[in-house]
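Shared between the two complexes below is chain A, which has chain B as its partner in the first and chain C in the second.
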Partner chain A sequence: MLRCPKFELATPTSVAAATRLLADAGPSAMILAGGTDVMPNLKHELFTPALVVSLARIPELNGIRRAEDGSLVIGAMTTIEAVAANSQVRERATVLAQAASLIAGPQLRTMGTLGGNVLLETRCQWYNQSYFWRQALGFCIKKDGTKCHVVEGGAKCVAAASNDSAPALMTLDAELHFESVEGRRSVRIEEFWLGDGVFNKKINAGEILVEITLPSTPSGHRSAYGKLRERGSIDFPLLGVAARLDLGKDERVERADLVITALAARPHRVQRAGEILRGTQVGSEDFVTRVGELARLAHKQCHPLENIPGDAPWRKAMVAVYARRTLLAAAAGTGPVHHL
Partner chain B sequence: MRLLNLRVNGDALSTAAPAHWTLLEVLRYRLGLTGSKQGCDKGDCGACTVLVDGKPVLSCLTLAALVEGREVTTIDGLMPAHIRAGGTGADPVQEAFDRCGALQCGFCQPGMMLSARALLNRTPHPTRAEIKDALAGNLCRCTGYTQILQAVELVIAEAGGAAVVPTDWRAELEQ
Partner chain C sequence: MAARDNHGNTPPWGANFGVIGKPLRKVDGIAKATGAAIYTDDIQLPGMLHAKTLRSPHAHARVRSVDASAALALEGVHAVITGADMPIKYGVIPWTQDENALAVDRVRFIGDPVAAVAAVDEDTANAALKLIAVDYEVLHAFLDPFESLVRHEPAIHADRKEGNISKHVRLEFGEVDALAKSADVVLEDEYSFHGSTHAPIEPHCAVATFSADGLLTLWSATQITHYVHRALAQVLELPAQKIRVIQPCLGGAFGGKSDPFSLEFCVSKLAMVTGRPVKMLYTREEVFYAHRGRHPMFMKYRTAAQANGRITSVDAKILIDGGSYSSFGLVTTYYAGQLLTGPYDFPSYRFDSTRVFTNKPPCGPKRGHGSVQPRFAFEVQLDQLAERLKLDPIELRRVNFQGSQTRTVNGQRVTSNGFLECLDSVERASGWKKKRAKLPFGRGLGVAGSMYISGTNYPVYPNKMPQAGVQLKLDRSGVVTVFTGGNDIGQGSNSMCAYIVAEELGVPVEHVRVVAADTDLCPVDLGAYSSRVTFMVGNATIDACRKVRRQIVAAVAKKWAVDPGRVRLMPGVAIDLEDPAKALSTAEAFQLAEEEFDTLGATGSYNTPTLGGDYRGGSIGASPAYSFTAHVVEASVDTETGRIQVHDVWCAHDCGRALNPMLVAGQIEGSVYMGIAEALLEEHKVNRFGLHQGPSLLDYRLPTSVDTPELHALIVESLDPEGPYGAKEAGEGPLHSSIPALSNAIFDAVGIRMKHLPFTPGRVLELLREKDALEESKSAGAAARGQA
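The block that comes next holds the complex of A and B.
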């Protein structure tokens, strides 16, 4: 039996009230969205806040709408289930809908929110454990200790970014919007990550993620998501692969993007993806060859560690397989790529 | 301590619990509704599944105070709800699980049956893929999945008035 440590609970009904509460409480306060990640972490005593501020009763944070400039605006408290099922997301941001449909199991998708997934705590098999477990082994660099159990002698935490939404949103050039008592701040998701597993986000104290905007995609936009996990029905990713292809005249690739996650602290954008695929015609032999070349390049650039379950050499071998399959699925307008 | 006004299985119930208590703890240790099981207690197993406004959620990861004003259904409420709706005996899902032998130890069953009930309320004629998907968040460690899937199919068939021969899932699974 795992119980939460003691805390007080606040349930503000507006963003203004929530930011005020956070500003007044300072670092002893913690935000609770869907609770599917924060609650197990609380139970493991990874967080011990004095005050938990739930965003569940703030209606303005919920919903998906299309803005005047054609971009999609997704409220941070929109559930993963709603994102996966939304027809506009499926059509215009396929990779995000597919990634959302593969997050956890049905109950967790009903509870979890897109904002919560974007801000998911990095994961490591030496960190996501109970207090008893961690103290028996000796605490690690990420929480309470000084030693890294993944990289011997490592001075930097390598806990893995494990949010499926992050690579998908990176290929979609998403922008994150935060509110605090200081006002509103927007940041491109590309620039949001830090390479430190202890805390991998550039978010300021007292800020609440309120909205995620996706710029409109061109008509030739195709995208897909691939996910490797232990059990096909529920787990966090052992690898997450987001692929985007924008096709122009004669189905020739104008823009290509490949982002891979569940490696280390931030999602990895495969370098030179656009360069390799640009100008090739989808369906041609040349395209398949170039996709293979890009997959091998991804394999070379990605270095899975023993930070999350699954042998690192196997996960590395799977980088090439999932990169290739996900790119081909994007080109064919199918996906998600999934082993079960 | 926090005063909680909850709606559980159609009843308006008042109780009190500390703010950090989960819905599962309040159901089991305040309201005496022990049908919802405490398994992993961290969102992996699905044994604590309850319906909140008709949707399956994990009560071990839900703070009790956050379901005030929402309708909670636990396994304890399935049969009474069926009878209130004019039925006789247990809910057809419970009947089918019984007749198909869709249990061994029974620990996963409350969550499994609530996930199945939520699916059938939403989609009266789901495909096999939809059934598997809806039950994906409920683990059975006795590995009685074959009979569990069979039980859900039995409910669907009987609701349609069909004379029932339970499908042999084994052939398909072995392919």
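The block that comes next holds the complex of A and C.
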């Protein structure tokens, strides 16, 4: 078995105590939620923190509730399984429940948390490897090296955002709330991402993600998630597609949104989705034609790279198929779109 | 073959079995299910050190020097060894020994072992590895087997006469070209098989102690204790009498634990140097480097036939990517040709196979060693032939059936052969006649057939001693202990021994203890490979049992003053067939025999008869009995995503006699799972840097339960005249034809031929596009003609 490097483990029981610990330790400290991303990364020596602060004993970070303004508040430490199974999430934020239900496999879903998923490290086949392997390769920009093996001669890391929750949360206009010794900070998820594979999130050292809020969705809200992967379980997305349709009178589209992930460092919002679908009536021929048009547009806008394992040309070809199928599933109130 | 080796397929007292043929649980089932079973890594010894291996980061390099002084100076480090400590080469095949436990002057793939450290714990050993300085001179790396075929400098093995060619075999039987010329149809095509690996759940692990009086004991997760014993003696320059090798409970092997491995020598040497017990457990990544998995093959086949479907000529040319070492490669190169000559009869056959070295993890035997790849190519070609001749693919196979008690074109003797029953069985069970070529576009059925060996008469080192030996010890309490050199690797060989002893000696299975795979305690068996164990160890066990059985029956008969023919041993009791009221417990019967004949025990053994064609290599692939298999696969293709879904696989397998039908079904299901897995998902791939693409169980995609089709195991029993109670193999044969049957099902579903593995969705889409383009141009052509 790969060994885990040695570190000190702190298990604070309140957010205040945790932020204090982080502030004192400085940027070398690491936060541990479910550990399903952190532990393999530690074993691969991608991080060598002196202190690891576990959030597992902080009860206030766990749970899903409905706020007075109708929004859903999900504690960062809520497990993926709990998110997938929650009836309010399933009804009002279907796309998130569907995405959560397809994350990793059953064991990992009961360990992994929504907060950890939002803050998942970007992934790359040249990076998520053991120290020995990366050394034999000669390392890469993201860690210990100077070259990129995906884009030859490239100066920028294009490791892929691989968290299934991210595109779903983007279509839901989620807001992320952080605590640190400086106080509370909130940011719309749309503005949270950076286009840099080395580190793709605007989070400051010492900040803890405490909760994620989802503004209430209108009654005509429909959404679905599509996930392309090789196996029917365990695998990270080769492509993740979140689709949202808010329907008004006569089931006409009032708002449409399509966000695709596992392409590059940040999830990609397909431009002009709303413009193309707005006003069309779900189920009509026109709707189906426009969905096809939007899917082709998505295909044009998305450029899967050889960053994550898998056949990139096939992933590219699948953008159109999964975009269309996921939009149709959202319209029909079905989904998730998955090969099993 | 001596009389002892052939016991007929029913015991002299009739086929009214009490144990054989019953779906009993495995003898180690409870221990495994409860976690009580002791695997190699469970062994903890006082003062035990932990060892780790330093591996080459270069695909091909000369090792100029290794400086371990800084590592040795680290607190907690007890020893560091390098190639200089064990310069003698080894290799499982005596003629091609080209491996060193640690690199002597050359590293040949990324992951090749260079040095080993023993330290107080794993972390210290790992830290020490980073302190070892190795000076490498990097050499040109061969990653493409076609390059190795023509370029020989720098030779991967400098002492080889033929440059980077590992082995070349060309054999020809009958009038291959003349018959092709006179045939009604000739098909020629190219096929390729990618690499795949075994991925057993238990990684390789070894523990060694070296006692003050010079006895080396090695516990190792090996599937061949005997060869490890011999290799240790050779490399460590110890007399074999000073070495004991034990295989504890094992967590899967599939051929991946057949060679002697670096870690076995390293822990032994480190134990000798430090005087402490030493353990090494490979990481999953290291298991991928140890590899010995399925060889990638590039294959050309030309099959000629008459209009009625009868095959007249088969011509094969195969390039085999061997990776960096020989391993079993000599055998692989032969098997790639030798094992194709059934279940069909054809009057002429030629194969020309070449195995080359490349700078990649060494390939070796994986379930269906050497013959899964050619079988894939050939069975797809047969489907193409059926298409060309407009014959039902099952019918085409029936037409060419070779029959039983026959000889193949390459001179192999075939005894029992249940292939027709296998075909009937899958045809019926799958609803073939109603479904094949009749399902809507996108869904289809495919068939394929195959054969495999039940061991061969080729021991890897030439000798005339038995290939399997068994010893029995009978206790007054009624317990029988059976000592066997056979390696239970999860296939159930220990259970098989217990069932036979229970059947023969009339004891309940739970009163049989099996002591296995311990070179000090057990007679030699050549190990768990080539699907030989049930056949050979089974026969040896019957042989031993018959000897003591005679004594027990004689003693009981004497006591009752009846003819020995009237004494019947049933589980737990001996009865008089004509007066069932007369009964003795097994223990009483044993005691009577012990009074009469002294301490009870017996040995038994098995050797194959003289087999094989009368030509060089003619005994490689010559088996005392062949198993036969037919598969039908039902699959569908999503023509938009290219994704293949396998719904059902029916596999009928002729295993001679199912000694335990539940275990046979388990082997069939496991084989089919593995075959479909490598067809669709698994790929052991080395990238452009010579690095394994994803040496982890996340990136090497084994199907999960939700990815696994419905598996239907159909057992066919042909009762072989020479197998134990008629049994043949069941562990490897049922993998073979699953892969071509899937390819053929895809053709039935959407009309494309998958000739290159793996069948990825990208490749499916590409072929679908090609097919559409072809059809369009055809219809455009037809339209143009119509207008003209």
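In this text, the second predicted complex is superposed on the first by the 340 of 340 C-alpha atoms of A that agree within 3 Å, B and C clash if a C-alpha of one lies under 4 Å from a C-alpha of the other, contacts with A are read in each partner's own complex, and residues count from 1 in each chain.
One rule holds in what follows: a residue touches a chain if its C-beta (ideal position, glycine included) is under 8 Å from a C-beta of that chain, and two chains touch if they have at least 3 such contacts.
Since this is a predicted model, take the numbers as computed values, not measurements.
Participant: Can A:271 be said to touch chain B (first), chain C (second), both, or neither?
Facilitator: neither
Participant: Counting only touches as set out at the top, which of chain B and chain C does A:14 meet: first, second, both, neither?
Facilitator: So A:14 meets neither chain B nor chain C here.
Participant: For A:230, select first, second, both or neither according to whether it touches chain B, chain C, the two together, or no partner.
Facilitator: The second partner, chain C, only.
Participant: So, A:289: does it touch chain B (first), chain C (second), both, or neither?
Facilitator: In the superposed model, A:289 contacts neither chain B nor chain C.
Participant: Regarding the shared-chain residue A:313, is it in contact with chain B (first), chain C (second), both, or neither?
Facilitator: Touch partner of A:313: chain C, not chain B.
Participant: Touching A:334, do we find chain B (first), chain C (second), both, or neither?
Facilitator: Neither chain B nor chain C is touched by A:334.
Participant: Contact-wise, after the overlay, does A:28 reach chain B, chain C, both or neither (first, second, both, neither)?
Facilitator: The answer is neither, since A:28 touches no partner chain.
Participant: Touching A:2, do we find chain B (first), chain C (second), both, or neither?
Facilitator: Once the two structures are laid over each other on A, A:2 reaches both partners.
Participant: For A:56, is the partner it touches chain B (first), chain C (second), both, or none of the two (neither)?
Facilitator: The first partner, chain B, only.
Participant: Touching chain B in one complex and chain C in the other: list those residues of chain A.
Facilitator: Dual-contact residues (chain A): 1-3, 6, 105, 233-234.
Participant: What residues of chain C sit close enough to touch chain A in their complex?
Facilitator: Residues of chain C touching chain A: 55, 57-58, 110, 122-123, 126, 203, 281, 283-285, 638, 640-643, 645, 681, 689, 691-695, 698-699, 701, 703-704, 706-707, 760-762, 765.
Participant: Any idea which chain A residues touch chain C in the complex?
Facilitator: Residues 1-3, 6, 105, 125, 129-130, 132-133, 135-137, 230-235, 309, 311, 313-314, 317-318, 321, 339-340.
Participant: With touch defined as at the start, can you tell me which chain B residues reach chain A in the complex?
Facilitator: Residue list for chain B touching chain A: 2, 18-22, 25, 38, 41-44, 46, 49, 55-58, 60-63, 65-66, 115, 133-134, 136-138.
Participant: Which of the residues in chain A end up touching chain B in this complex?
Facilitator: 1-9, 11, 32, 35-36, 39-40, 42-44, 52, 54, 56-57, 104-108, 110-111, 233-234
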